[in-house]
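Here chain A shows up in two complexes: once beside chain B, once beside chain C.
After this line comes the complex of A and B, so read on.
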């Protein structure tokens, strides 16, 4: 009996889900949780990237909320994220509906259409920024402005005027990310039973009524997932902005992620940069919780 | 049996080539074997030196002339030091991130033996860099341009911590076919630019390399020339631009840029033109007769269709006062504690980048201005070439740019001030005050 005891324990251990979750948990703990907690710890210090002693303090946070630049960055980030999410969702939905209708009608060339839309999604953000800069610059190499100037004798300051620069950054981000939204929504559309549409047609429902009363309600869970992912990606956008505008002109496109980079790598202010990063994390968490709450509310209502 | 070698006049015809071949063959084999992108020297050499150059300044550069000069210099040195192999780890990517990585490497004691460092980061690495003093003579030190030597020297210890391989400064690029004597004052520049713009159909009168470079490259000179200061000359580069007379001078300087935009002489677009290529493309399109820009733009401008029509002059100043010029550039910093390696590294650098002849050759190939007087004064490329001679003259009395820990913060705040003024969203007074309060909050 005694000899069998370790084997018994081993068998019980194997039956436990915790045993099988341990490798993943250890991985998450070492590579995600620990760095996250360390960033939170550093945000309560005056640590410099260059090293040396540091003290625990709340000054990083008190400066953060007194600094008008932080509030401006927050505002820019929210406009950028909301603009990106709304446009990505709208265009993604239109593309998904169009693709779905085309596939159902057996139109040829849909694989090519899907591939061309997806191509933008696989391009790294930095490259997207460079491509858009090459396209929109008022310099001699700006292709779009070259044509506009040839036709109308004037160029459009897509990247030089503060408000227009932010709109341009949003459009570039939408161009890059709309394929992802389209995929998610298209996958959601495939799960809606065809019988629902057939019954609605028999009842005399038009295309818009079918969209409003069948497609949207059935897609709500998928839309919420898309919203969470798009919001997080929008709030965290860094690479595209750096390459396209560098946060300018006059900080008009300086999103929070760019402030983190500036504080840590340019000013070598690790404590302050960590505080901004924690703020970014809080925004992401807050938005995600709001979406989850709304999703639950929607489920309860149904 | 004994083989006797008998000299015969007829042997001359083949003996010389054979002798040359005998010498060249091992060299060629050596060169093929040991000059790779990552390794210079024999793989089995007992001593290893790790070097971290910038990609464009390395023997891996995309530029053929640079690659040829550096490959030859490194090969020659390696042939003389068969017991040493050089591991090359090029620096690629974002400069700020590279600096952060180097700091962490240095703190952990795993830094490369010798690393390229930009002048604006000298302060950051003073504590880690080892002095070159034991290995270079007083004559060598004295041969560096005075401002360059000052920058390379740790102000606390008085030791030479860096060997600067090139230098750049900021001034006025002008069309020499339209302007006989470059304007010495900003007021004169504005009037002349407006006149030439109208008379010659230029799109703009004057263009400036905008973006983050503006404070570093224009304001420091334009404020200092009027007797003001942007930062203190201390180790931290403590900002003072918002105090008393400094504030007034900075407002005057910013007002000039605003006036240029209001008069239609300078476009608002400059806020988005931060890279040399952005401005050079406009020069190539023949859009303006003047550019406020750096000596580092020389290579790009020379390659434009009208490249020969462009010359360089020191920075014009408000009221035409004598310009105070600033300089910056890239250097080598030594991080190894091993004295034997330190001596070898200094010798290597002297034969590749720092000695007068290698510096001149490298400078000519790369289009950079040497930092040593002997290279500037005795090498034909820098005597005969007009822009290169102008760069040397402009750098002769140039002082190092501020590089203390608050310098980046100040530059970012002033860049924003410049952009707000040029875009017309703030007056110069408002922009300076906002920049000052931003900086104060961080301090």
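After this line comes the complex of A and C, so read on.
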């Protein structure tokens, strides 16, 4: 009887959810929740990265919205995120519709097509930045600019002219991410019942009418979810920008994540950097709330 | 007569449609692959070709001497090894802690069940830059700064939310009656997980593994902030060291190109081998959330 006691205890322990959640919870509490709370605390201080005494203050926040650099980086982030989302959605939709039509017609080679488009998506963001920088260079090895110069007589300052650089960053980001949008939308297209289209054909609806009155309304939930996910990943972009432009020229591509990094690790202003990080956190949380709301809406609809 | 003409008419519009689709995809594939191919060509050029005007798309000869150089004379192979090492430990660690948690969320009811799942979803959306700032300070105090152990712990943490959600989805699809049958036969919950659920959820475990590999291989923010010494850097950070500095100018451009190719190669090879599987997991999970 006594021998069984440890075994019994072990079995009882396994009945507790705590036993199963403990390992993951330990990781998340120590390396996620605690840092998250601490960054909020630090944002109310004037702490420096190198340490030393610090005091609690609201100065970081009062400066935050008066600092033209912060407002500028918010604006850059907004343009970057919206530009990426609009292009990814448009191109991703075209690709998804094309892929869907091709698969339904039984065209050969679609797996190869899908694989080539998705290849860009598995490449680390920093490498995407590096290869586009090499490609678009105005130096002698920049293939694309050589061709443009041969055709139009002048090269394009893709990375050296402020407004152009932001557009270039958007294009590189779209190149990387459009495949993911395509796959999400393609999955959504598979869920639309074929009978709807058959009925519409019998009623004499043309291809555009079918797209407008069946595909779009049926796809709206998926489109909205894709929109939110794309916006979050756009707002959080860091690696691609670091490698492609480093935030320049003249801070024209300095997205908010890069501002946080510069403020904390270049200027050593832990307090002010944390306040910008909290701003990024707030944007992330806001977007996530919209995402959760949409998920619930979709569930209620089904 | 009329029937025959409509048939021919339909057939030709259909063929035109097929042609249009192929043409569109040809453009899409070319745009997707061009940057990769162009960098591959650049990586095989010799120094004088980098400065040649007009530049040629193809290198004079397909020689791999640049690769031999970067692999033997620079820390590149060390960085590739670091990436493999960090990725492997992250995947193992993440599955070990996420699978039990996913089991609890799938098979047990407890207070806070829904709330914790929602918090996990929120964590998945937050930029790891936000937590990396305070982590830099703690790791400095704990002596974990500039160490692989510290980075692995953070990698595991940021992968847990997604992995738990993914595995929970796969566990939910396994009928509870199988658990109950095993429990009646005297199996403990741990045995049920090990002998019933995990074997049946193999596709889920594989999917979790693949996604963790891709994301750990691409990790940038965490090692960028928490690692400094060259011999510890993963390839995703290390590749930036190949960017031409002020002193050597653009002579090193082929090295940067070769390093970039080496950094993306493992991810692309794995993706091509497992792509059918990845697309399945992606389309199954993405819409659900």
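Going forward, the second predicted complex is superposed on the first by the 251 of 302 C-alpha atoms of A that agree within 3 Å, B and C clash if a C-alpha of one lies under 4 Å from a C-alpha of the other, contacts with A are read in each partner's own complex, and residues count from 1 in each chain.
Criterion: a contact is a pair of C-beta atoms (placed from the backbone, for glycine too) under 8 Å apart; a residue touches a chain by one contact, two chains touch by 3 or more.
Owing to the predicted nature of the structure, the values given are computational and were not obtained by experimental measurement.
A.B. asks: Taking the superposition on A as described, I'd like to know which of chain B and chain C A:27 touches: first, second, both or neither.
C.D. replies: Touch status of A:27: second partner only.
A.B. asks: Looking at the overlay, what does A:281 touch: chain B (first), chain C (second), both, or neither?
C.D. replies: In the superposition, A:281 contacts chain C only.
A.B. asks: Is A:138 contacted by the first partner chain B, the second partner chain C, both or neither?
C.D. replies: First partner only.
A.B. asks: Figure out whether A:113 sits in contact with chain B (first) or chain C (second), or with both, or with neither.
C.D. replies: Only chain C is touched by A:113; chain B is not.
A.B. asks: Spot which of chain B and chain C makes contact with more residues of chain A, would you?
C.D. replies: C
A.B. asks: Quick one: classify A:264 as touching chain B (first), chain C (second), both or neither.
C.D. replies: Both partners.
A.B. asks: With both complexes superposed on chain A, which partner does A:50 reach: first (chain B), second (chain C), both or neither?
C.D. replies: A:50 sits against chain B, while chain C stays out of touch.
A.B. asks: Of all the chain A residues, which ones make contact with chain B and with chain C?
C.D. replies: 49, 139-141, 261, 264-265
A.B. asks: What does chain A use to touch chain C in their complex?
C.D. replies: Result: residues 10-11, 14-15, 17, 19-21, 23-25, 27-28, 30-32, 34-36, 38-39, 42, 49, 94-95, 98, 101-102, 105, 107, 111-120, 122-127, 130-132, 134-135, 139-144, 146, 150, 175, 179-180, 183-184, 186-188, 190-191, 222, 225, 232, 235-236, 238-239, 242-243, 257, 260-261, 264-265, 270, 273-274, 277-278, 280-281, 284-285, 287-288, 291-292, 295 of chain A touch chain C.
A.B. asks: Per the contact definition, I'd like the list of chain B residues that touch chain A in the complex.
C.D. replies: Residue positions touching the partner: 94, 96-97, 99-100, 103-104, 107, 124, 211-212, 267-269, 271-274, 278, 281-282, 284-285, 287, 405, 408-409, 412, 415-416, 419-420, 423, 425, 434, 438, 441-442.
A.B. asks: Going by the contact rule set out above, which residues of chain C touch chain A in the complex?
C.D. replies: These residues of chain C touch chain A: 14, 17-18, 21-22, 24-25, 28-29, 31-33, 35-36, 38-39, 42, 45, 50-55, 57, 96-98, 100-101, 103-104, 108, 110, 116, 118, 121-123, 125-127, 129-138, 153-154, 156-158, 160-161, 164, 188-190, 214, 217-218, 220-221, 224-225, 236-237, 239-240, 243, 250, 253, 256-257, 260, 263-264, 267-268, 270-272, 275-276, 278-279, 282-284, 286-287, 289.
A.B. asks: Hey, which residues of chain A end up touching chain B in the complex?
C.D. replies: 48-51, 63, 66-69, 137-141, 157, 159-162, 165, 245-246, 248-251, 261-262, 264-269, 272
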